[in-house]
Structure formats: C-alpha cells, structure tokens
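Down below are the structures I want you to see.
Consider the two complexes below, in which chain A is the common component and chain B and chain C are the respective partners.
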Partner chain A sequence: MSWVPLTSTRAWTPLARVTNLERGHLLILAPISFVALLLLLPLGYLAVISFREFNPNVIHGTGVTLKNYGQLLLDPFYRSYILYTLRLATIVSVLCLLLGYPVGFLLGRTSARKRAVLLFLVVLPLMAGLVIRTFGWLRIFGAEGLLNQLWLVLFGSKLQILGTTKAVIIGMVGVYLPFVVMPVYSSVESIDRTLEFAARNLGASKVQAFYKITLPLSIPGIVLGSIFTFTLSMSSVITPKLLGGRNDVTIGALIYDVALANSNWPFASAMAVTVVVINFLLIFGYLHISRGGMEAEQ
Partner chain B sequence: MSTTHNRIMKRLDWMLEHSGRVTLYVLVSLALLVLTAPILVVTLISFNPTRTQYFPPSGISLRWYAEFFQTDYFVHSFFVVSLPIALVSALIATVLGGAAAYAIVRQDIPYKNLIQSFLLIPIMIPGVIIGFALLLTYGKVNLDAGYPRLILAHSVRLIPYALLTTMASLYSFDDDLIRAARGLGANRYEAFYKVTFPIIKSGVIAGFLLSFIISFANVNISLFLVRPGVTPLPVEIFSFLKFRTSPIIAAISTIQIFLILVLVLIIQRLAGFESVYN
Partner chain C sequence: MSFLNLNGIRKEYGDVTAVDDISLEVTEGEFLSILGPSGSGKTTTLNLIAGFEEATTGDITVDGTSIIGLPPEDRDMGMIFQDLALFPHMTVAENVSFGLQYQQGLSEAEIETKVADALDMVELPGYQDRNINNLSGGEQQRVALARAVVIEPAVLLYDEPLSDLDRQLRESMRREIQDLHDELEITSIYVTHNQREALTLSDRIAVMRDGEIAQVATPNELYEEPADSFVADFVGDANLLEGAVIASDGETWFESGALSLKLNGAIPEADRNDMLLVRPEDLRLAPANEGDVVSDVQGRIANIDHLESLSQYSIQLDDAPDLLVSELGSPRFQTGDAVQISFVDYELIGRADE
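Entry: the complex of A and B
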C-alpha cells in the first residue's frame, strides 16, 4: 500500500464512520462544554442579574426591573463616569496607536535578529504583569519617586503627576501598547511586499509607498489593536485605582467598587453587560467591515 | 527649469524619507521606554539599601529580599497560592486546548470555524467581567472553596492560548509523516504518540509555559474570586499598594520578573511568540 488515507480504513463501514465522528466529537466536546459552563453561562447569569432589583438582604437581587440601566444612562453622576471612561479609552487608544504602530511596522520589516530582540522587549513587560508595571510607575511618579528625585536635582522643584489623569494615561499606554503592536505586526507582515516594490518602481518615494500601500493595507491590524485597547481601557481597575486621583474612576473600577464594596450586584451587572455589549458591537462591526472589504475586492 | 524642479523634488523626497525614518525611530524608542521603564525601575530599586532615597545610590543590598522571605502572607501568596494555581490551571488548559486543537486541525468535525471562534471568546472578554460573572455564578451554586474558584476561572481564560500554540504546531506539521507511519503498520494511537506528539511537543510545552505565566501574573479575574487565605500574589500586592508601599514589593516583583524572563526565553526558543499573537 503506497498511500494510506488519514481516516481509519474502518471508516469504510457506515457504523465505524459514525463511531469515528463520535470520537472526534468527544475530543472537542470537552473544551466546548468547559467554556460554555464557565464563561457563557456566567455571562448569561450576569445579564439576568442586571435586570434584578437591588435588595440589601438578597445579594442576587429580586424581581425584574430596567432601573439599573436607567440609572446608569440617566443619572448625571454615573453618566459623568461613563463619559470620563470613554474619553480616557479614546486618548489611550490613540496614543497606543501612535506609539504601537511604528513598533509593529518595524517588527514586520526588520531583520530576524533585530525582530527577536524587539519582540522580546514588547513581550516581556506584557508577561511580567499589570500589577508589577503599575508598581513601577508608582515608584517613578510618586512624591518621593525616581522622576521627582531627578527633577529636584535638575530643576529644584517637584512635579505632581501621581494622582492625576496624566499618570493613569501613561500607565495604561504602557500596559496596552503590546495589544496594538502585535496585530499591526501581523498585518504588516502579511502584506505582499511586491506591491511596495511595484509602487517604488512606478516612481513613488518610500514615504509615498508607505502612505499609499502599507498604511491602508495594515488597517485591519490598526482597527483590531484599537478595539483591544479601547475595551481593555474601559474595564481597567488596577491602573486608575493605584495611579489616579479620586475622580479617575473607570467603568471597570466602578464595577469593582459597586460589586465588592457596596455589594450591589444588579447595578454592577448592568455596567458589566454594557461593557460587553460595546465590546462585541465593536468586534462584530470590525468583522462585518473587513469581510465586506474582502468581498468587494474579489 | 525642469531639471531644477526634479532636483528640488528629489531633495524633498530625501528629506521626507529621512524625517520619516527619524520619526519612526523616535516613536519606537518612546514606545520601548514606556514599555520597559517600569520593570527596569522595579528591578533597580529592589537592590537599593534605603527605603526611598535613590540619588545618589548608596550601594547594593539584598535586604528587601530577606524581608520578603520573612513576610508570611507574601510568601504564602507566592508559593502556596499563585504557584500551584498557575500550574494546575495551565495543565487543565493545555489538555483541553490541546484536545480542541487536535480535533480542529486533524479530525473531520463540522463547524470548525465556529468552534474555533467560540473557544477564543475567553480572551475577548475583559478579565474583570469574567471574574465578576464567575463571582455571581459561584454564589448561585455555592462554590466557596478558594482554590477551585480560582483554578476554574484561570483555566477557562487560558484555553485560547493553549489552543493557538498547539494549532500552530499542528499546522506546521507534515501529513505525510502520519501516512508513512500508518503505511508502516502503526495504528492510530501509535501514530499519535510516536510521530505526532514528539513533533508538536515543543509547541505544547510552549503553550503550557505561556498559560502558566498568564495565570501567575493575572490580577483582574482573581480580584473578584479571592477567599481568606487564598489570595494570589498580584491581588495581595494590589491590596497592599492601595494603602502603603514598600521596597519588599520591588523584591517580590523582581523575583517574578526573573522567573517570567526565563520562561519567556524558553518559549521563544521552543515556539516563538508569533504563533500566539498572530
């Protein structure tokens, strides 16, 4: 026999074919049910709780109401935090894109050796963890921090950065930068380089070739990276809590406070559902547009 | 006239290209500064003998490392909580994610794309929301024990990482090898553990180590699920930092950074990070 089909020879009989399929299903059913049970079901339950009424004696809430969503969207107190969060997430996403795109671009265009070093410098901080990096900023920005000790020696004065929105923005840009770098790298790398060479041959300068070819073709990476950064910023807790002031409260930090300090699970659920809905609208919008773009090309 | 015009245009192009390159390197340097400054600072101050005085540095000391090993709750969080939770969660995720990857790449199952997208949902939902949703659900089913609460939550978060690394190594694998093994008389299982597994092993190990790191450093999910005596290290540090600060944190962080550095180097050697993030 020179060629053996990958599926078992027993697959020729209908019965064996059925058992084969079932074995395959068994292998895939375990992870599917695990994710369904520990993620989908809890998210569904979260949605249910978001329509319950807060009751100090029953932590899961009682009855059915739309009050939580009404309060979130209409109460000026909460609306100001939503607006703050959206503004913060936008600023952080734009800055991440500004700093992350060049890194992703360089990763996709540089030599293998430089790429390995650069990738290491991007991945290690990502892996080191959020709390450690936020602690690092704390020791840089603090009243007795590194920056202030340097500033004092150089200019004889002190800077007030810790406890301001500036510190939150810088801390968050550092944390979420890799989430822009990686998708941009991936889409720059997948661009057919002959397109750039063709543009250059036809008289475009390197800069023109970049703006006319590379940049437009790497838009999927840009959009995907921005979606990651935006939703992660909205739900951040650690960075605003440690680096920000009393008014630097994101929806994520609000969920944490309302759920754990106030034990108001229904209202915290309504906020969590809102974040997930925005998250998925952005992802589906992205998929819809990128698929539409691909169909238009064909 | 036209030659002067050409010369000017060429000059302009050169300037644009040059300034483009300068802009590129300035932005990349700035990005690397924002990325690496915090962990460099943490490492440096962990060896600083005094509490807050950095300038001028007055020597090198292991004082804060000694104090870390004498602080029971940090040692407990590190070795008794975070380490075992990361190991067990990474193991569960590697088995489940690996099985899914094998089924998706190798087996004839329906709705492959849909299943793959479904199994990637855990990395698309912010950790804070996964943690909170599980807090509600555990409350409903009365799951109170700290370790299961955290291990189940971490495992589900890690499945996509294990799935992607294993899938990448399965895709880079030559089908003919299995055909050859089968042709030489190996049955399905022999072909798997004598041919497929040895070849994809490094990808699977890389996925396991990556999952371990992500679990060990995770804070957002754990934040909602801690129980008295079962507080993972990052949550312990966060709670500590809310009210005070100490160079001990720098010492712990440096140990964690070193551990992760070693694992990252092993992963890069085994599989490369492109397989996960692309």
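Entry: the complex of A and C
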C-alpha cells in the first residue's frame, strides 16, 4: 500500500469505496499535509530563494547563482558565525546532558508522589516562555543584579558576566535543561528495575550496575535529549542577543539581521538552509553512532 | 546439618506485616519450595534472603555466618527472576559471564570456558553470540538458569520462574530444573504458587499463609498429614466438612446433616471443633439402586471433569456443600445420575485461623 498523494484523484473518491486500511491512511494524511504545508513548503521556498540573486527592492532577483553559498562557506568572516554557533550548541548540549541526566534519572526512579512535584518544577520554566526566562537571567547577571550584590558581600568586588559568552551558555543551559530531563526521565522509567537487581545479585555494586545496565539502556533518552538541545541551540537568537556581548552573534541572529535589516533574503536563505543541512548531517551521524544502544533497547 | 537458616525473620512495611516471624532451616543441597497464594509473603521472604530488602528483625545465616546487612552483591546467591531479567543490550555470552567478571582471579580464557560449559549444561551449545531478544521463551529461560548457576552460588533462589510459560514449556523447564539440581546439588529455594511444581520438584515444602509458615514438610507428609484445613485445601484437592463431634455409648461420631461417620479412638475436648478432611480418592461411588452397598450418604452427580486418567465428579448432596470424588479411568456415570457414596478414609483436621 503506497501513500495517496495529495494531488491524486484517488484521494477524493467517496469514503465508501475506500478500504479500512486506506481510511487509516486518510486519517494520517491530515497531520502529514499539515506538516508538509507548514514545514516543507516554506523550507522548499527558502531553498529556492537561496539560489537567487540579491535585489533589495524585491524578495529576490531572477537569476540563478551559487554566489550566496560561496560567500557563506568561503568567506572566513561568515564562516566564523557558523563555527561560533556550532561550538556554542556543543557546549550547551554537553552541559545540559551532564546536569540534566541526574535529574532525569532521579525522576525515573523516585516515588510517584515526589515525581509529580519534581516534574512540575522541571516543566515550570517552560510555562514562563523563553523571553521572560532570559530577562530573569538579565536581572541576575546585571551590574546591580542579584549575583553581583551577593559577590560584593562575599568578595568585595564585582563580576562581569553579563555580556560574555559565559552568560550566554549559562542562560541557554537553563532554558534547554528540561529538553534533556524529560527524555532521560522517560527512558530511565521504562527500564525494568529487576535488571538492576539481577546485576546486583550477580556481584555488581550499585555503581557498577548503573554503568553496566541503566546507563546503556537509557541511551535513547540521552540521544533524544541531546538532539533537542543541539538543534534548539543551533537556531537560538534571543538568549545570545540579550545575555551575550558584541561577539556573541549566532548564525540565527545573523540570519535575522541579514533578512530583516539588509533585506538580503537570498543570502539569509542560504544560511538557513546551511544550518538545516548541518543539523541534519550531525543528527544522522549521531544516530548512526548510537544505534547500538538504540537497538538494544528494543 | 542446616546450611541456610532463617531465624525469626520479620518484615514490616509501615503498619503491614508482610513476613511474620518465620524460621526455616534448609540443609545443604536441599531443594525447598515456598508455596503459598499471592500475598502470603513468599516473594518478600525470597527478597530478604537475596538482600534486595532488609528484614525488620531476625537473622539469616549461610553456613553459620550471618548475611544480615550485606548488600546483594556480597551474598553469594544466584537468582532466577520471574520475568528472567536478562540484559537486553548484551549477547547470550555477555549475559552468562556477567557475574564471572566480578569474581577474583578469573582469566578471560577461564571465563570463556565456564560460559561454554554452562551453555552446554542448559543445552544451548554455541549460543554465545546470539542476541537475547531473538531467543524463544524456553531458550531465554535456559540462559537465565545458566547465568545464575555459572557463578556457583551458595544458594539458588527461584522467584516463580515458570509462571509466565505455557503448560508444555512449563513441564519441560520443570524437568530441566530438576535435572540441573540433581547434577549440581546447589541448595535451592523455589518460590511458587503452583502446588504441582512444588510437589514434584521439592525435597521439602514450606507452605506460607498471611506471612507465616503454616507447615514445613515433605510433599508426601504435606498431603497425608496436613497441619490444618488451609494446608489440606491448598495442597491437593480436599473435601472439608463442617459438622459436630458427638460422643455416645463410648463411641465418637462425626455428624454433618444426613451423614454420620464413626471416628476411631477418643477425641480430646480441644479437637471437638475440628473439620472433617476427606480426599476425593477416599470416597467410593455406586449407583443409587445397587442394594448391597453400605453407603454413608446419597447424592446426585452435578458435574464431571475428565482429567487424563482420572474422572472427577462433583456430587450434590441434599443439605451440605458439594462433595468432590475422583476415580481412576473414564467416567462411568452421567450428570444427573443418583449415586450412593461411602467414606473409605477420613480424619479430623484443625481449622485454620481466619
């Protein structure tokens, strides 16, 4: 049974003539077409624009060119934005994983009553929204902020954190932490606890049982969580802009400026498409490497 | 001499007492089953021995040394879990060798040999590199056995390992466990709610009820001389009759409705409240119209079960609960037939506390 394409006349045949199996496909067709319309169409449009020439008066010129990609990948100035963003996304993902795994593990292993409270605390920041959370960091890191007042009392000096990459990293880790905690929690929770008992029974200590059994079996949660944080960090704009300095410009922020300030849609599109391709390649490679663990879970 | 010793073991969860002061002595090489309905505390008892839970009070010793307070990894117990608990991300060999890597002074070659020997023993030669998830239920069962015995534990603990299998597989695995025990003679504790498994596998059986041990005895003793009505009912089929013990003219009788049975010897005052235990095979049936039979009571066949070489009748009496009667061979009566029943063997039995 093949997919019924949107344009096919068969999709419009009366339901009565459609078998049950096809009816199931029709049901899936709705969300699929939704995703296709809202994701693939704009993305496809972007890809098309990225090969067009720059014309400041319209969205794009008419000629076909590779110049946008050439400029982005060959000019060290533009390449540095991509490298900065990649480095930032990697650091943020690793830190999120190191901090988020223990929390997710605790959630997956604690009693149902404590879990409800903890889950609420983990999800709470998500309810506040990205901008509000980042402004919260601003109040903490600012020259007269909470951190500096505390630092002044303790050490008699002031700290310059706001406007540095450190602030960006701390802020982003705070924002994206739940995206590691949740998949790790659900992964750990699905691991049968008797497996740990079996390992202990066979002579493994508590720590050994964790490294030999629980950790490898929670790899799917680790993979999913780090893909979340990495891709979200790769497209971050607001947090680096508000917390970082002049040099903390992500590729996302650059795309924003080039598209809206310079109206250079073709070049902005080329950058956006490049980020999507980089994300795609990295995720693909990552999944490939971690497949051993993913298969074991099934 | 006793090898594994439970001494006044008690386990409480808040207000609930799961295991209520039990004591048990298991000799070296013995196969002892803990038999009981769900919620009787048998699995908790096993977890206390394995060290997954700590007893509230009491002592457990192996070969004279207390193991109370030791973590599970230091208790030298091999366990076969109800859901097997095989490690899904490891091969058969990695599963079986898991416990060996924590034993001192074993070279890689020695580990390999031990794994191969263990797999031979459970009849899975050459299975080392197989994926656990691609094995059949019976094969997984054997891997779990191999993984537990390869570490040569002081005691093997079985937590209802056969309860999830279909009947045919259960029978063959039961024989497998029996053969393994005959060969290795590792002291074994086998927790089950299945009396057939317990009766066929065990040297002795401890019947548990409400966190207490109702009786510890050999399978035969358990059937022939049950401690009370609970054990009699739980081990094998039983008719338990309510009635009154009546003494007259130097003789004692058990009377229950139309039924009146003579009891042997004097019945102490303390046993006057007892029930009457009659095993189904200790009842004889005859057609109601057959005149020369000395029958004790009349009834009507309500239901017939034909089990392998046995016919089991449920017989409806006028003013008492149904009687269960079993005979060798195919059924010779039909549902609705009127029959007369004679009691060949019966005994008074103490009433289990409610």
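By definition in this document, the second predicted complex is superposed on the first by the 246 of 298 C-alpha atoms of A that agree within 3 Å, B and C clash if a C-alpha of one lies under 4 Å from a C-alpha of the other, contacts with A are read in each partner's own complex, and residues count from 1 in each chain.
Operating definition for what follows: a contact is a pair of C-beta atoms (placed from the backbone, for glycine too) under 8 Å apart; a residue touches a chain by one contact, two chains touch by 3 or more.
None of the values given here were measured: they were computed from a predicted structure.
Novice: Clash or fit: what happens to chain B and chain C when chain A is overlaid?
Specialist: After superposition on chain A, chain B vs chain C: fit, no clash.
Novice: Taking the superposition as given, does A:S205 touch the first partner, chain B, the second, chain C, both, or neither?
Specialist: A:S205: touches chain B and chain C.
Novice: Report for A:I213: first if it touches chain B alone, second if chain C alone, otherwise both or neither.
Specialist: Only chain C; A:I213 stays clear of chain B.
Novice: Of the two partner chains, chain B (first) and chain C (second), which one does A:P31 touch, if any: first, second, both, or neither?
Specialist: In the superposition, A:P31 touches chain B alone.
Novice: Give one of first, second, both or neither to describe whether A:G108 is in contact with chain B, with chain C, with both, or with none.
Specialist: neither
Novice: Answer with first, second, both or neither: which of chain B and chain C does A:G244 touch in the superposed model?
Specialist: Neither partner.
Novice: Which partner chains sit in contact with A:V173 here, chain B, chain C, both or neither? Use first/second/both/neither.
Specialist: first
Novice: Now for A:L195: first (chain B), second (chain C), both, or neither, which partner does it touch?
Specialist: second
Novice: For the combined overlay, can you note the least CA distance between chain B and chain C, rounded to whole Å?
Specialist: 8
Novice: Would you please give the residues of chain A that touch chain B in one complex and also touch chain C in the other complex?
Specialist: Touching chain B in the first complex and chain C in the second, residues 205-206 of chain A appear in both lists.
Novice: Write out the stretch or stretches of chain C touching chain A in their complex.
Specialist: Contacts found on chain C: 50-52, 71-73, 77-79, 81, 83, 85-90, 98-99, 101-103, 133, 147, 151.
Novice: Across the complex, what residues on chain A touch chain C?
Specialist: 192, 194-195, 197-206, 208, 212-213, 216-217, 293, 296-298
Novice: What residues of chain B sit close enough to touch chain A in their complex?
Specialist: 13, 16-17, 20, 23-24, 27-28, 30-32, 34-42, 45, 52-55, 96-97, 99-100, 102-104, 106-109, 115, 118-119, 121-122, 124-130, 132-137, 139-140, 152-153, 155-156, 159, 163, 175, 178-179, 182-183, 188, 213-214, 216-220, 223-224, 234, 237-238, 241-242, 245, 249-250, 253, 256-257, 260-261, 263-264, 268, 273-274, 277-278
Novice: Which bits of chain A are touching chain B when the two form their complex?
Specialist: Contact set of chain A toward chain B: 1-4, 6-8, 20-21, 24-25, 27-28, 30-32, 34-35, 38-43, 45-46, 49, 59-60, 98-103, 105-106, 116, 119-125, 127-140, 142, 144, 146, 149-150, 153, 170, 173-174, 177-178, 181-183, 185-186, 189, 205-207, 210, 231-232, 234-238, 241-242, 252, 255-256, 259-260, 265, 268-269, 272, 275-276, 279, 283.
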